[in-house]
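Dumping the structure here so I can ask a few things about it.
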Amino acid sequence: MYQGIIVAGFGGQGVVSMGILLAYAGMVDGKHVTFFPAYGAEMRGGTANCSVIVAIDEIASPVVGQPDSVVVMNEPSFAKFEPMIKPNGRLFINTSLVSSRSKRDDIEVIEIPANKIAEEIGTLKIANMVMAGSLVDKTGMMAQKSLIDSVGKVYSRAKPEILKMNEVAIKRGAES
Amino acid sequence: MYQGIIVAGFGGQGVVSMGILLAYAGMVDGKHVTFFPAYGAEMRGGTANCSVIVAIDEIASPVVGQPDSVVVMNEPSFAKFEPMIKPNGRLFINTSLVSSRSKRDDIEVIEIPANKIAEEIGTLKIANMVMAGSLVDKTGMMAQKSLIDSVGKVYSRAKPEILKMNEVAIKRGAES
Amino acid sequence: MKVVFEETKGLTGVPMRYCPGCGHGIAHRLVAEVIEELGVRERSVGVVPVGCSVFLDEYINCDGIQGPHGRGPAIATGIKRSKPNVIVFSYQGDGDLASIGMAETIHAAARSENITIIFINNAIYGMTGGQMAPTTLVGMRSTTCPAGRSIEVNGYPFKMCELLATLPGASYLARTSLDKAANVIKTKKAIEKAFKTQIQGKGFSMVEILSPCPTDWGMTPRAAIDRLKDEMIPYFPLGVYRDWEKEEKERAKAREEDKVEA
Amino acid sequence: MKVVFEETKGLTGVPMRYCPGCGHGIAHRLVAEVIEELGVRERSVGVVPVGCSVFLDEYINCDGIQGPHGRGPAIATGIKRSKPNVIVFSYQGDGDLASIGMAETIHAAARSENITIIFINNAIYGMTGGQMAPTTLVGMRSTTCPAGRSIEVNGYPFKMCELLATLPGASYLARTSLDKAANVIKTKKAIEKAFKTQIQGKGFSMVEILSPCPTDWGMTPRAAIDRLKDEMIPYFPLGVYRDWEKEEKERAKAREEDKVEA
Amino acid sequence: MPSKGTIEVDETRCKGCELCVIACPHEVLALADTFSANGYYPAIMIAPEKCTGCKLCGIVCPDVAIKVWKE
Amino acid sequence: MPSKGTIEVDETRCKGCELCVIACPHEVLALADTFSANGYYPAIMIAPEKCTGCKLCGIVCPDVAIKVWKE
Amino acid sequence: MAERTLMKGNEALAEGAIRAGCRFFAGYPITPQNEVPEYMSWRMPQEGGFFIQAESEVAAINMLFGSAATGARVMTSSSSPGISLKQEGISYCAGADLPIFYANVVRGGPGLGNIAPAQGDYFQATRGGGHGDYRVFVMAPNSVTEMANFPKRCYDVAFKYRVPSMILADGILGQMMEPVEFDFDPVDPDTFPEFDWTIGDAAGRERRVVKSYDLRPGRLEEWNFERQKRFDTIEAEESAWDSEGIDDCELLVTSYGSCSRISKSAVKLARDNGLAVGLLRPITLYPFPKRAFKEAAKGVKNILVVEMSLGQYIEDVQLSVEGAAPIHFHGRPAGGIPTAEEIYEIIKKIMGK
Amino acid sequence: MAERTLMKGNEALAEGAIRAGCRFFAGYPITPQNEVPEYMSWRMPQEGGFFIQAESEVAAINMLFGSAATGARVMTSSSSPGISLKQEGISYCAGADLPIFYANVVRGGPGLGNIAPAQGDYFQATRGGGHGDYRVFVMAPNSVTEMANFPKRCYDVAFKYRVPSMILADGILGQMMEPVEFDFDPVDPDTFPEFDWTIGDAAGRERRVVKSYDLRPGRLEEWNFERQKRFDTIEAEESAWDSEGIDDCELLVTSYGSCSRISKSAVKLARDNGLAVGLLRPITLYPFPKRAFKEAAKGVKNILVVEMSLGQYIEDVQLSVEGAAPIHFHGRPAGGIPTAEEIYEIIKKIMGK
């Protein structure tokens, strides 16, 4: 099992924290993991993205050139990362904010109205968790439990009710 | 003909200007020349010295490791440079200020009461010219005329009577 | 109805990439308006700092040069001394001007180098993500003084206008703020005066502009404006700190009075 | 008869290699006497500059450290922050302190770094052979301003005490001179006060000492002393520019008066 | 009362910083409650009739997003 | 009148800068007219009887060449 | 197995230095290493150490100079332009035999360049960007765990030989997160022996002077020869490297730092496709593991050097293998990051596949 | 034959730069190059140029950065520690493609070292002491006449390729006097063509920006590749060297700069004593005359490298001759000046005489 993932969206959509959570959860799950944020001046007020690798074997290159999975949280990210996905890879689209649809037939596309689901659960802030739930479920790269258990570790200062909402979001994501 | 010369004395005794004059005169005389001053912090208030080479052939190394001739204008210079002279080389001592005498029998020693002679001519400042006159005469490295002609060029702002005294000093040096 | 306010030709028209509510955008526009209005745009060179405003050259419509962090005044000196007819302004942040570039700033002022400095004091290192600046207020948090700036370790924030005012070479020095429209208007006047100082060959001019950095202050633009008003201005008083013109007049007047008395 | 004046144990006894009539010798002796008399010699570290006084470590009888030109205040900061009990003084020339080291000087003062600076202002670069210093007087000749310092090119000489006095972090600042015995005695008092400032943990102290450099001024020592008196002191007024003790007392008094009034 | 002035906000430039809203002396402006294409809530005129064309909104806008007309 | 003080100049240290000569309020000192071993004209007492042991010469000497005694 | 923590490279570097006894940090912000000073700003006080944001990189290295002279384990870090500014100070540390530790989280150059990961400062790191004859002990980690553990090794070597030491990383290593395992227990600086070269408390001993100069004729030369002997010992004893599949390979690939991770993926790809390819990576860049390279080069037909710069690292390979096999080159400067696939294509081409 | 003037090396350097069109000089005093700024301070105004004593070396190089961007022929000079301080600025000049000229009159290092002549800054000069992938065109004069004439050549190359250029000298060359012959007529900067990259007067043209950065993905890499091509051309076309008796020699001696003068005396001594010894000296250190070395190495039994440093220059010789003959080394660091006699003894030993 080797999953090279890119998560992308607006700053403020929790893209980087989702990446860290995935890496942490992968580690808890006994996998090898790396996380690499895009950083820099060109990020000011623009898009944010990061790369995560979760794998059974030791990870050599931490650079994700051709992602196995891409999570796009907003429109500009779609344009930038959709073409990079490996053949037979997966594209996770937050359809609440992204209206473009992939024309590629060599990838699997998973469409999730993440904002809508998040709103239903109680806060827009957990749209990223909905996506994470779906990603972990579809790729099978780790146990859902590992992901859920990690939330409390990564957001160690979050209140119990928020943690609970995160768990719900992950599960709803997995179901959709 | 190859003459590697070191001139040494107190700061203020005209050691460096004597070196420059010798190099200049050598050039006027059609020789190859180099001049290299000792410089630096350790010179503060202490001794001054410089190396001059005058030669028929092109000069490769400008560094005078073993001088053919050494001119010592004061006591400390004697101690430092007398031992360095090449076998069969020459030591020019300003006996007005240097009381040490060489014990080497493989060099020629020329003793000149330069300060006394200079005083007689009219100013202590030309003691260095007395030594230069002797050096050029004994080594035969250039025509005395080249040396005398150069004085006016190197000290271009000097008054005619001073230049005249320099000429006298050079001649008196050559005679002693 | 007539257009009474629109984008100046002093700007390139490229949308600026600064954060929402960032003062750099306002300051850029003011500089652009002034060089356009004074008719010197085509012979102006902007010395671009390292800082958020490293993008300045994309926005202000004149020649530009981008060099090492903090060395704007030295670069400006090189240009001005080679081409005295060129109008040179060095645009700098507080880290750039008052930390790494302190010596260059002070020496350019002492030489009364005939250049103009636009100094954006936002009390933080914007570009690198919110570290302490030499002008960070005591008690204010940053990523390198997470418990708040302490006098004990970091000392007192610099008041650059006051410091430079002690140098005879500083011809025009003013501190303004971007907290409200009236002060933006005053800022523009100060910038204009600074450029005129240079155009008339009167020597070193600098306008220090108190400016919000909502992002690295961790605030909404609205709250940042309030901090400008409530915390920055009280510590960094606005005003003109040196004015060669006024000083010349005063000297002339003093001479007149001397004459009358005599 | 009793010995009333002899070499202090604060000196090593090694004869100094400075030029005849050079002020460094006097300043060295004063510092040496003070650290000996205050009983801190064994826990003192002298930060040795690049300049003629690069030989300081051979003469003053305490630990020493010699680093890059102009960075004394930064080096002193490193020592003091690692070993607060050590008494650190940075001995610097005008080129060292006010030209290449300007930023370090100003920032150490702003931080109120608890160190002492002995600043020898001889208005020239002594060690390198007489180039213009940031304190070279207008009109004074040097090997890099052979026609005399011009305001146009080189700007105005720095008055470091006045400049630093604007910084709240500067706790004790004084300017003294070595032109005559009375002023040498005052210089020693100022040095003593500066070290006491540090010993009592009161922050940044500096004594600026106007000092002759007969060699690079191209003068006899006697004439150099006259220049100190006639040209240097008028431009660089002697006196105390900051005194934390006085300021504390004044503040206390002001508080008292407030109370009485209330 | 017909307005004495009016403004135009360039939605592609506006970043919803609200500075113009604060600056307007006549409470003409507010932020929209829907995202722009750039992901910001842009400024809009909520009381256009009150606009005097005083330019203050333009003067404080960091993104040169406002154009002002006056009679 | 016997002198109230006296001084000693260390000839190996004195560089003949004359500062002590200038500083002495009683014209006790002058430079010698013969070279020292270091090539300088050292300070000497020319009116030792006038010395008060006031230390001023020592205080201004850059080369710590002077030792002063007083009654 | 020690507990694994997920850490950013820059934070691991900072934490690793603290655990290795670092108690003085002076730095100045610059991307992509800002997490180092930021981490230090809150961690140092917890350990009774001192953190200061200096007014500049020049001031920072000179603060280190002062602090190191008191015997403290000191650190500074920066990225390319900032490291250039420190060169004078580093030369002084070398000249005064002060053991300092610093890190360069390299970005794209020259000049302001960009803030992307790069390896363009190899020459500067290994050949002394500063003046005079000196070297710096240079380690090139390729994982966050190595970022965490190498500071300790740097201090150990720096103090043993009294030379400067550094870590040469880049934006990848600084910014990425990986699980970290520390391979040593935290060191307590209070347990260090007294050194016979530190200044600051002269009571009961001869006074000492820390300096880098000697104007007496010939003395500085002797001192340089003595220092050179220390470097000779370092070259003989302190080099380190890592290899994979070099015993039976036809093509030897070599890279250092983050780039070696990418090369490793490429080599795996090649092996998976039946090509006899091996990987050799230097862990210390100075001293360069010359012998290891000479050995490895013996059996191979070709060597491929991959670096994120335009022909710097390759010189050390050339100097080591001395023409034993043809050397091919693939360099990506100023933030260009090669991919494993791209390297694999080059491997195939060289091997005629 | 042009008239010969007796000049100090530093003065010849300054005069040579002025005659080559230099009209902007910013510097800061440091021994042993003080005569350069001192000379400039009175000569520049005579030529309508500008001299400024900057507040520091850092300020000086940045003043050059500004002035060079206007198209002026600019110069700075310093000695070792001062050159280290300029490394960031030099990297920026390289990054912004600005043609600057500077001189390093090297002294003993590392650190403050001493002020004696030395060659310890070879790595820094030839390998870019600053950050990023760039090189500097480096010339190594060995006489006062070359000090006078090389600035012109430096400007020509710098402007042709828009790269930094420098002269690597030392205290011997800076301080010695020799008769000087200029091999070119003074250049009038007013006759230079207009450049299409300078800033300062935008009327009637598109505005321009001089900068060294590009944050757009991939662009900086492209720019670096383009610059590298210029360096490739420089390597192919601009190297220069000098030789004596290399056609029939058994032992090849090689040195650069002042040291090559001393080696020349040693080689003469050897020839006079019937030994087949030749001398090869690089005149450009970057580009290094690799081909000349490769050629020369072919016939010889041994090579002797003599440098006034501890093994820096030797690396370029090694990289050039690629093991063609055994290389012997004689290095004197930090102000140690070898004598011709001392080198001759080594020659004899190597040749078994």
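Residue numbering begins at 1 within each chain, and the chains themselves are lettered A, B, C, D, E, F, G and H in the order written.
Keep this in mind: contacts are C-beta pairs under 8 Å (C-beta built on N, C-alpha and C of every residue); 3 or more make two chains touch, one makes a residue touch a chain.
Not measured: the values here are computed from a predicted model.
J.: By the touch criterion stated at the start, how many steps lie between subunit B and subunit C on the shortest route?
T.: 2
J.: Looking at D-G and D-H, which pair shares more C-beta contacts?
T.: Comparing D-G with D-H, the pair joined by more C-beta contacts is D-G.
J.: Per the centroid of Cα atoms for each chain, what is the distance between subunit B and subunit F, given in Å?
T.: Going by mean C-alpha positions, subunit B sits 37 Å from subunit F.
J.: For subunit D versus subunit E, what separation do you get between their C-alpha means, in angstrom?
T.: So the centroids are 59 Å from each other.
J.: Taking each chain's centre as the mean of its CA atoms, how far is subunit B from subunit G in angstrom?
T.: That pair's centroid distance is 55 Å.
J.: Which residues does subunit C have that touch at least 2 chains other than itself?
T.: Touching at least two other chains: 18-20, 54, 66, 68, 99-100, 102-103, 107, 127, 134, 153-154.
J.: So which bits of subunit B are touching at least two other chains?
T.: Residues 40-41, 45.
J.: For subunit F, give me the residues that contact two or more of the other chains.
T.: 15
J.: Once bound in the complex, which stretches of subunit G touch subunit C?
T.: Answer in residue numbers: 28-31, 34, 37-38, 41-42, 51-53, 55-57, 81, 111-112.
J.: In the complex formed with subunit E, which residues of subunit C make contact?
T.: Within the complex, subunit C touches subunit E at residues 1-7, 11, 15-16, 18-26, 29, 178, 180-181, 184-185, 214, 220-222, 225.
J.: Which residues of subunit H touch subunit G once you look at their complex with the stated criterion?
T.: Where subunit H meets subunit G, its residues are 58, 80-81, 83-85, 87-88, 91-96, 106, 108-116, 118, 120-121, 123-124, 127-134, 211-215, 217-218, 220-221, 223-225, 228, 309-312, 315, 318-319, 322-323, 332-336.
J.: Note which residues of subunit G are touching subunit D in the complex, please.
T.: Residue list for subunit G touching subunit D: 23-24, 26, 50, 52, 54-56, 58-60, 62-70, 72, 74, 88-89, 92, 96, 199-203, 207-213.
J.: State the interface residues of subunit C toward subunit G in the complex, per the touch definition above.
T.: It is residues 50, 54, 66, 68-70, 95, 99-100, 102, 125, 127-129, 131-132, 134, 143-147, 153-154 of subunit C that touch subunit G.
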